[in-house]
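There are structures below to look over.
Consider the two complexes below, in which chain A is the common component and chain B and chain C are the respective partners.
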Partner chain A sequence: MEIFPALLSVVTDPVLLLAILLAAVVGMIVGATPGLTASAAIAMLLPITFYMPPLFALAFLYVIGKSGRYGGSIAAILFNTPGTAASAATQLDGYPLARLGKAGKAMKVATISSIIGDFMGDIMLVIGVGFIAALALKLGPPETFAIYFAAFVVIGSVIGKSILKGLASALIGILVAMVGLDPISGEERYTFGSFELSNGIGLVPLMIGVFVLGEVFAQFEERRKTANPTEDDTREVESNKSFDDGNSLTWQEYKPCLPHALRGGLIGAGIGVLPGLGSAIAAFISYGEGKRRAKNPEQWGKGALEGVAAPEAANNAVSGPSMAPLLTLGIPGSTIGAILLGVFLIHGIQVGPTLFLTDKELVYKLFACGIFGIAAYGLIGYFGATQVARLILKIPTQVLYPLIFLTTFVAAYSARGSLFDVTVMTFAGFGGWLMRKYDFNVAAFVISFVLAKGAEETFRQSMLMSDGGALIFIERPIALAFLLVGLAAMAFRIRGIMKDRKLASGGLEDA
Partner chain B sequence: MKRRSFFAGLVAAATVTAVATGSLAADWPRRPINLVVPYKAGGGTDAYARAISAAAEGVLDVPVVVVNKPGSGGLNGANAVVRAKPDGYTMMMTSGGSFLLSTMMRETKIDALESFDFVAQVGQLKTSIMVPKDSPFQSVQDVIDAAKAKPGSLRWAHSGRGGFHFVAGLGFLAKNDIEAQDVPFKGGGPTRAALIGAQADFGFLGVQQLAGFEEQLRALAVNSKDRDEIMAAVPSFGELGVPFAAVSSPVIVFAPKGTPSEIVTKLETALEKITAKPEFAELLVKRGTGPVYQTGSDAKTGLTTMKADAEPLIAGLGK
Partner chain C sequence: MRAILEGIVLAVLSIAALWGAWQVPSASTGETWAGIVPFGAALGLLIISGLKLACVRRPATERAADSPIADDASLQVIGLFLLAVIYQQSLQWFGYLLPTALVAPVALYAFGVRSWIGLALSAVLCPLIFHIVFFELLGVFPPFGEVFDLLDAIRE
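This part shows the complex of A and B:
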């Protein structure tokens, strides 16, 4: 086990430990600030790392990536703003919890679950790096498409009450994802002659618009309608009153979250192996699967602690295993991965299957730094983030919402420095507000947007590879297995719905 | 009266601008130079930009900052730079072949030869035909024979339609009178992984992509007349006598049109010095590439020739 000497050498290097600590703090701040993302921070800090030794540079950026993913949950819970794409699933239950005055509790659950997930991912990386790389190679386009299919079905369980409106939302998401360049032919689709649209619709501005701006609009409308100034005061009083129990977390409360965190960790680690799926998808799958198996599914989406634990564990668990295809095959699984790849190259380290022969020590030391990084952000987060929550919740809504309103514009612009993204965000905001108003499913919309691109690309690649059309999915055992998983989940769900219907109609007859 | 003062103002403004531009060129560079790379960090062109940035110390008094503006097959970054202030502080470094081909194949106002000033060429990316290590194909001839035996049965991977790897692959197929189905992947890294995993029978990817992956892949030939200087173990189409299309990708630094010629010349000289530094070559050799310096006008001539070569191939695509 090469990891133990590596851990030892890191622990005896106070300067390196300080760098890790600093990285954990920086990552948390940028992750928690809507509009600053860990990948943007890494890109900005990249030039500084030229002057650092390779291990310092890599460890610094790697830990920022980890703690930034965690930090995203803070913004998701407090402001309903996904600080990172990965935390979009967290806000589904995190924000309702915050509105119930349980932001601190939600943040503690997020912290513990992130640590659990991250550790599971890292352990899997350390033990199975070679195996993961070999596995990733076996997954060609047909296998990846089958995984997308299964993911789609599993995530489908977040589609709410109305199946028809849920499906419609998903279809709109797919349609919006089609804007831009055709992934195979490179031709423009639905761009209406606009150069900016040929780049496609960005995920970050879309998400900020739909989730945050849409929510702000909905709040404006609500307030106009009720026109009741005391409502705000009651919220404050309520939150203050419940603060003592809203902030602390007992073992009894976390106990039901644990299985969700563990399952989320496994899902995230599994997704991490597959380059390109990314932590947002892992978080949504974990949320969907968690809700499906939960004892209290009706609570999910209204403020269930389990609904925070499941996605948070999953999105952090992606971090470790995604390093395996990056280091051994040179395929980055995320933006952060792509930038890390750049750092290796800048420092003249050749990433590839020979990396473990040429720079084994460095790689294991990097893994060790990652483990210390988890501990650092975990401790700061558990004890620090709740203080932040206490502060933020003191801000009255008439100040908070305008602030959030402004942040959305900054956030949309700063992600890529593009004014076009601000336009996209504004349109998405109106879209999100209308979807909420008419009970369409915003989450289903965003998830299908995320999945559609990859699914389309891999499906069409498979078709080009195949001599017998769709038969390629059946001829390849791994692809077939995932397709069956998806079909089984679908059948299971249909049966569940039928049962519910029968119960409902039976209930009516009784009445 | 009014009109006269208006003209006087105009003349004064013009004079001030001229003086300002003059002094602008004289004490250039005074602040960091932004080098826009229209691809993601970690790619082949990006590696050149990073190496320039690292080796610029001592030659240029100011840092060279690499800015990645990916999207639209490299046109996104080009669009940003073409509109940038021509003050010598925003430049673009791009893979000249892919840039040229994408401006030819896509609807855009940008003309690779006319919309920018050519500063200098600093490197050269060449594509090559590769197969997975356990592939039955030992030589280019094996691939051609197999394709002739069963037309259209082979699959080949590349990093995206419109790039120079794709056009080189098409040229190879057309000139050898064979057919095969292409499977596009997104970028060089995923293409290499797909080929290692034997998702396709062969692939066209940068010869430098072999560095570090010699145990997983076999490069059958590099797409040029002569061997590559760095990846010298790989034979060339030229020496094998296999017909091919002469598409490669010179890595070129472009300046927005209208940049003062003194600045362009200064940067051209600086790039010559930087590319001659041993550190520059050292940074690149690990990635399987090396410095190839050419003046701006030579780079433009090279790209003009390539345009003439590529035109019939692109016309053959049926667009």
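This part shows the complex of A and C:
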């Protein structure tokens, strides 16, 4: 078990522990601040990690992602505004509990359940990742391409409201990734004679633009839509002082929540392995399943502690297993995974099955950092969530967003010292805002951008193996199975949408 | 209307991408064509835009309920985007300090800060703090202004 020496190594490195602690605090604050996401924070901090050793960089950003997922529950419970999409399920019972004067209890249930879920996910990751990597080593280019294809289809069709827009976002991501010199033949593609474009579009400026500047534009639009843009948002928590009250949580109170947290952990871990599905789906499935099995379903939605435990455990359990496809196949399962892939590449580490041969120690140390990260945000959250909430209330958003706006430019420039990257970031930001505004899928766009090069390489290798015949993907059973998985996922999604449309007697447009 | 526009924009994008992929020279013997993946992706996008336009055929009453394409807030976002474009361009002409000193108060004002002291302070503190963090502590080489560089002038 490689994890034990890794845990020992991390615990004896005080600087690394301090970085994990700092990441836990940053992630929690970012996750709890409505409008800010862990993805945005990670994208913005990405250039700073260029100057850190690889383990520090990866651990810092990985723990921010974990802690950010948990931080979303603070905003959901106390501000009635989910800090992340996944914490919208926590809000259903979390905020009614806060209104009943039980915000402290709700926060503690959220914290304990998050820790349970996250630990379950990480244990599954540690146990399972080696097996997946060993299997992945046996896959040839056709099988790997089929996995990429399934990932594109699943990510494009399952996330978001519209399948067509999701798939279009994924295809646009692929097209943007094709800009530059072809890595095999050296031919120029979509460069329009520009020297800068021949180097391709950088991952870091694209991510900073889409996730951070795009979010700033979206927040700016939100603020302009309100009657008085100069008035800072007076969140409902101002009048809700209940997080001071009822802080203690007894074992008798948490005992009925435990089965929901354990079930949520299993649901989240299972969903986490599948690329693209993410925390929000896991949280809502866990909430629905928990309510179905609950002894008090009538209480759910009105302020049931179990209604906080179920989605929170699932939401956080996604974190660990979502790293499995990234580390073993090079396929990021989430936007945070896509950014972490960028960190690996920036530090010259090739992600994929061979990672477990070349950098096994680093991978297990990263897992160990994740486990310490859970402990860090758990402790801070259990004893200090209300202080974090107070801090967030003091952040003046009319100052915060302009500062983030300015930071994006210097962060994009710092990545490679290139002003062209700043241009890319600016236009990517506008594109990201447009995609959000018109319900296109930003996550599918970015993940596809990251996957495109690998998919192209394996596709062309397969074509060479088969002398240009596409039948190779059908003749090889594993490849065929993955192609069918992708198509089946899309078919299920279309069926689900059609069913909903039938119920609502709506049109076909959103399918 | 909005759905039609989205379909048309996707169609235009995909046709441009198809044309771009078609410009890639054909492969030499034993190699695969470098334009095959962009061409496939562009073709996929064209099919999606076609499906999108085909799905729009709905009753006029339903179409009327579509949200507007652009509202006042959207136009203001476009204004902020233009500020971003001017800022990134002026970094090339005037280096980091001067454009940041000018853009920081404008951005703060746009987001609702109305304190003149705060805005004035931001013009000094923002370039100073960002410069110290990124260009001094992290050691990134600052962009040099082709027309005029305040940092250069200060150093001289």
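Following the convention adopted for this analysis, the second predicted complex is superposed on the first by the 269 of 511 C-alpha atoms of A that agree within 3 Å, B and C clash if a C-alpha of one lies under 4 Å from a C-alpha of the other, contacts with A are read in each partner's own complex, and residues count from 1 in each chain.
Heads up, the rule we're going with is that a residue touches a chain if its C-beta (ideal position, glycine included) is under 8 Å from a C-beta of that chain, and two chains touch if they have at least 3 such contacts.
Not measured: the values here are computed from a predicted model.
Of the two partner chains placed by superposition, only chain B is touched by A:T354; chain C is not. Applying the stated contact rule after C-alpha superposition, one finds that A:I184 touches each of chain B and chain C. In the superposition on chain A, contact is made by A:I331 with chain B only, not with chain C. Contacts of A:L22 after superposition on the shared chain: neither chain B nor chain C is touched. When both complexes are overlaid on chain A, the residue A:F409 reaches chain C alone and has no touch with chain B.
In the superposition on chain A, A:L379 makes contact with neither chain B nor chain C. In the superposed pair of complexes, A:L100 makes contact with neither chain B nor chain C. Comparing chain B with chain C, more residues of chain A are touched by C. In the superposition on chain A, contact is made by A:L464 with both chain B and chain C. In the superposed model, A:M52 lies in contact with neither chain B nor chain C. Common to the chain B and chain C interfaces on chain A are residues 184-185, 188, 464. The residues of chain A lying in touch with chain B in their complex are 43, 46-47, 50, 136-141, 181, 183-186, 188, 195, 198-199, 275-276, 325, 329-332, 338-339, 341-342, 345-346, 348-355, 457, 461, 464-465, 467. Looking at the complex, you find that chain B touches chain A at residues 40-42, 46-47, 50, 53-54, 63, 65, 68, 71-73, 76, 79, 105-108, 153, 155, 160-162, 181-186, 189-190, 192-194, 196-197, 199-200, 211-213, 215-216, 282-283, 286-287. The touching residues of chain C, when paired with chain A in their complex, are 2-3, 6, 10, 13, 17, 20-21, 24-25, 27-28, 30-32, 34-38, 41-42, 44-45, 48-49, 51-52, 55-56, 58, 62, 72-74, 76-77, 80-81, 84-85, 87-88, 91-92, 96, 100, 103-104, 107-108, 110-114, 118, 122, 126, 130, 134, 138-141, 143. Those residues of chain A that touch chain C in the shared complex are 48, 51, 164-165, 167-168, 171-172, 174-175, 178, 182, 184-185, 187-190, 213, 217, 220-225, 229-232, 397-399, 401-403, 405-407, 409-410, 413-414, 417, 419, 422-423, 425-426, 429-430, 433, 437-438, 452, 455-456, 459-460, 463-464, 468, 507-509, 511.
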